[in-house]
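You will see two complexes here that share subunit A, one where it goes with subunit B and one where it goes with subunit C.
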Partner chain A sequence: MVISGDHAVAHAAKLARTEVVPSFPITPQTLIVEQLAEFINDGELDADFIPADSEHSVMSMAIGASAGGVRVFTATASQGLALMHEMLYAVPQNRLPIVMANVNRSLGAASGIWVEYNDSMAERDSGWLQVYVEDNQEALDATLMAFRMAEDRRVLLPVMVCLDGFILSHTVERVEVPEQQEVDLFLPPFVPFNMLDPYEPKLINPIVGPEYAMEMRYQLDRAVDHSREVINEVDEEFSKLFGRRYGGLLDTYRMEDAEFAMLTLGTATGLAREVVDDLREEGKRAGLIKLRFMRPFPFKELCEVCDSLKALGVFDRSASFNGGGPVYTEVAAALCNVPTVVTGHVAGIGGRDITTEHMRGMYDAVERASRGEEVRSVTWHGLRGDME
Partner chain B sequence: MFEVRFHGRGGQGAVMAAQTLAEAAVIEGRHAQAFPYFGAERRGAPVMAFARIADRKISIKSQVYEPDLLVVLDESLLDIEPVARGLKPGGKAVINTRKLPTEIDLGMEVECATVPATSIAMEYLKAPIVNTAILGAVAMVCDLFSMGSMQQAIENRFGGKFGEAAARANAAAAAAAYSQTLRGRCKGNRPFVPRRVWLPDWRDIPIGNTLGEGVKDGVTVGPGGAKQNLTGSWRVQTPRYDKEKCVRCLRCWFSCPEGCIKREEDEYVRWDLNYCKGCGICAQVCPVKAIDMMKGGSR
Partner chain C sequence: MSEMQTIKDMPTNDMFISGHGACAGCGMAVAVKNIMRILGADTTVYVPASCLVVISAMYPTSNFRTPYLFTAFENTGAVTTGIRAAQRRRGLSSTVVGLAGDGGTFDIGLQALSGAAERNEDILYVCLDNEGYMNTGIQRSGATPFGAWTTTTPVGTNVEGKREFKKDLMAIIAAHDPPYAASLSIAHFNDFVKKVEKAKNKKGFRFLHVMTPCVPGWRSDPSMTVEIARLAVETGMWTLYELDEGSARTTYKPQTMLPVTDYLKLQGRFRHMENDDIAKLQEWLCAKWYMHYGNDIEQPVCAVFEKVKRVRHPHEEQLHFI
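Let's turn to the complex of A and B:
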């Protein structure tokens, strides 16, 4: 099929036999819930579509439906995600395996409808697992895998599938849409864990005092960490059934003997692949690390990959203000005991197009760092005017 | 460093008492702090408040575990929790009670002062808010501040909030308590029985912020777990029911926030006084005045 990233996600939610879709439209996500509404209307998907009065209500409904024992999917973006903020935090601690697509769009003032990761990055401490995808095929596959990971008894956590607004959401590409029978083999029917059941009364979401909250938070911390194992297993199983493998938490490209590399996420990864190929042709030992999951963050896996790397540049499509971007600070923390020089590279803010020249500029800076030259800790690429 | 722990019930003014004590110390030229700790913000629920006094700036912000002075604003708390836990061997206690110090059993024999703060508060303030009265007794046993500083602190804190008349009435209650305070030593026979609490390891906490019915470490948890919290001990007034007047409209049954009014088969009602907090809503909603509230928490 030749479909957009949004439609690829909608197909995945349909193939997952989603049972409830609470929704509120917001560009560039609307195509997802519109497509799902159509599937339901045409009898292709047996689900309840609930139009809500806000995203806050969307997530509240999602929580109720998931606790009620059904598979829930929804989608949002930007201000919509921000409006959900309060309810987002209730989901991981309640261990409800809701899957949501967030079509990345810049948040706040000085913003538009175009891609920036400052919406989902702001939610990285909510306890949701977060995967960032590179193309429409991965958008579909990651959404399918998200249900399996989320519902695994060792995980029981919500998953946010993040895809670039417009660059994926509104771009059509060739996408292999799996058959329903194949997906049914991969994703068994939903079996709720803590179901609301009048015959088995439970105390849900009581006020939690200082004598319990810390243990509960640590339990959640461990659950997010243990999901690493399940993510890798699901990736493996998916590849056996569907022939496509994504590498779990992170993927690497031409890293075998690399001396310098970029770490990217989202669609910038595809661009970086091209630049790495060019550099390799020039005889330069360039590589690429594709970060897939921001949560759980691959602290250990990164150290292993960067073991013999001289310099690593970290791409960010959002800023953390006076500290580079959020991915940069996390990677720098992960590699604090590894001799690799780590630099930050901010680009594509507010949906500004990232060109081959921008990406080449990032690689050039990292190569200089790998030769021991002094390089700025954080560089904004494509910025008009010299950096301070 | 001189550390104080107040035990009271929501509505008695333990927090205000701690703050006022801190202010009295500051009036004396010292450094001081005061802060509360409470769970549910409800009248009648047990609360604690803390104060620290020192001659230099106080940096520590932790709770007080080994107080030099223990202040108990509600005598009934002695029977439901070991209020004297951690009290320093040379420490002092001030208790709101009509009893003599020698009749009080704190589980450790210490210098103890008693004062009938509730009746003093009723006389001067027309309400059982005992915080200012008990501060008079605190000033009597504690040499870190004079009664003059304590009264000044009361006037500062209460005058601004409730007006001059209230400030004067509260200062007068403190003065009356100062003169009615009895000093002696209390008994130390009561065994320290820590409250049973379920404190599981992080691995043993049920997953998903969800708790089913059950008993953990001897404590009933989950739905129905509140049964063991006998909120009837919070009561300072008790409903009296005149069955003759009752028209069986069941408004009281419907309105009771604790659900402690029970329907009988004949549609008359009865109260489960183990849980009745004495809020008086039933008496208010009764259209035929078949219910009135009597002073006191006894049955």
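Let's turn to the complex of A and C:
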């Protein structure tokens, strides 16, 4: 099928036999819920579509339905995700395995409808697992896998599938859409864990005082950490059934003997692969790490990959003001006991095109760092005018 | 199943059990206890941020014997929609009820409420109206009456109490044309029982609006809660009616309108009110009274207000009150 990233996600939600879809339109997500509404109205998907009055209500409905014992999917972007912010926090702590696509779009003022990660990065401490995808096929596959990961009894956490606005959401690519029977083998019917059952009354989400709250937060911290194992298992099983493997928390490209590398996420990864190939042809030992999951963050895995790396550049499509980007600070923390020199590279803000030259500029800086040269800790690439 | 007609028909099996943390004389606790008795065990409860969640669901205790969920303040219409959707998928027909306060309904929850009403979700929404944000320590809401003291409408040297009149929430609900909506009083229990029972047995979006006097917020005597609720009806501060499948009906009509001062004097929140403000509130009440009960019988307390009989409510035609 030749479909957009948004439609790929909608196909995944349909193949997952989603039962309730609360929705609210927002560019560039809207194609997802439009497509799901069509599936439902054409009888291709047996689900309840709820047209909500806001994204805050969307997440509230998702919570009600998930606590009510059914599989729930929804999608949002940017301001919509920000409006959900309050409700996002209720989901992980109540262990409700909701799956949501967030089509990344810049948030706030001095922004439009184009891609930036400042919407979903702002939610990285909400307890949701977050996966960033590179292409439309991965958008579909990651959404399918998200249900398996979320619903695994060792996890029971919501998963946010993040895809680049327009670059993926509105761009068509060839996507292999699996057969329903294949997906049914991969994803069994939903079995609720925490549920509002009139036959077995249970109180969900009471007020929790300081005597208990800390233990509950620690349990959540552990659950997010334990999901690392499940993510790898699901990736493995998915590859056996569908022949596509994504590497779990992170993927690597030409890292075997690499001396310097970039760490990217989202669509910038494709561009980075090309630049790595060019550099390799020039005889330079460049590599690439594709970060897939921002939560759980692969602290351990990253240390292993960077074991013999001299320098690593970290790509960020959003800023954590005056400290580079959020991925950079996280990676720097992960590698603080490793000799690898870590630098931050901000690009593509507000949907600005990231060109080959920009990516090449990132690699050049990292290569200089690998030779022991002094380079900026954080560089904004493609900035009109010079940095301060 | 024969419908409950009076308080005598009411089950005594409590779904909201004792031991909760409500204040002595809490009107909300009286309302919830009795609503839950009528709704019974096959009920799923959602409570937004409010006194109710604090008094009934402090981990690891609960005063509800039914499934119960809490998440946030402004989303009762939305969460109940989600719960109902799940129950529909699972083939369950349990009553899904949202028990929200006036702040969570009139103000911050109005959008989600309107959405649920507009979609005609098969849920029961109960607004427990104590006319202010009492859980956060007595702040003004859209439900607070004119003149009332709250911590955000303090009695100052320049401004004394709330300057705006209570929002007509039921008119907003009526504009959604729901299958059933009714106002309830804990001083009129046969009426209370009938309305809860009716709401329970109907399908689609149902709305119950209960006045629930609040001892600390209204600065009233705990023993006077039901008397204050009764006087609210006799003075026109509260009116009892229902909207049933599009037709409106007054369910209790007081014989003669009592002066609003009979109601005000039992509550410290009105203690500061001077004659001008009392007259302003009385005039507003007279217009409301004639709108609800018709102006065939002139009320002596309203005789001084020449215009009130001619005042037409913006939703009069729609509501068909009288």
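Details
Keep in mind that, in the parts below, the second predicted complex is superposed on the first by the 388 of 388 C-alpha atoms of A that agree within 3 Å, B and C clash if a C-alpha of one lies under 4 Å from a C-alpha of the other, contacts with A are read in each partner's own complex, and residues count from 1 in each chain.
One rule holds for everything that comes next: a residue touches a chain if its C-beta (ideal position, glycine included) is under 8 Å from a C-beta of that chain, and two chains touch if they have at least 3 such contacts.
Small disclaimer: the values here were computed from a predicted structure and weren't measured.
Superimposing the complexes on subunit A yields a three-chain arrangement in which subunit B and subunit C clash.
In the superposition on chain A, contact is made by A:Lys202 with both subunit B and subunit C.
After overlaying the two complexes on the shared chain, residue contacts for A:Asp353 are found with neither subunit B nor subunit C. Of the two partner chains placed by superposition, A:Asp307 touches none, neither subunit B nor subunit C. In the superposition on chain A, contact is made by A:Asp53 with subunit C only, not with subunit B.
Look at A:Tyr212: by the touch rule set out above, it reaches both subunit B and subunit C.
In the superposition on chain A, contact of A:Phe193 is made with subunit B only, not with subunit C. With both structures placed on the common chain, the touch criterion links A:Gly68 to subunit C but leaves subunit B unconnected. Remark: of the candidate stretches 45-53, 153-161, 225-233 or 261-269 in subunit C, the one overlapping subunit B after superposition on chain A is 225-233. Touching of subunit A by both subunit B and subunit C, each in its own complex, is seen for residues 201-209, 212.
For subunit B in complex with subunit A, the residues that touch the partner chain are 39-40, 197, 199-203, 205, 207-213, 221-223, 225. Interface residues of subunit A facing subunit C in the complex, by the touch rule stated above, are 19-20, 22, 48, 50-54, 56-58, 60-70, 72, 86-87, 90, 196-198, 201-209, 212. In the complex of the two chains, the subunit C residues touching subunit A come out as 41-44, 46, 53-54, 57-62, 64-72, 74-75, 77-90, 92, 94, 111-112, 114-115, 118-119.
Of all residues in subunit A, only 93-96, 156, 193-194, 200-209, 211-212, 214-216, 218-219, 222 touch subunit B in the complex they form.
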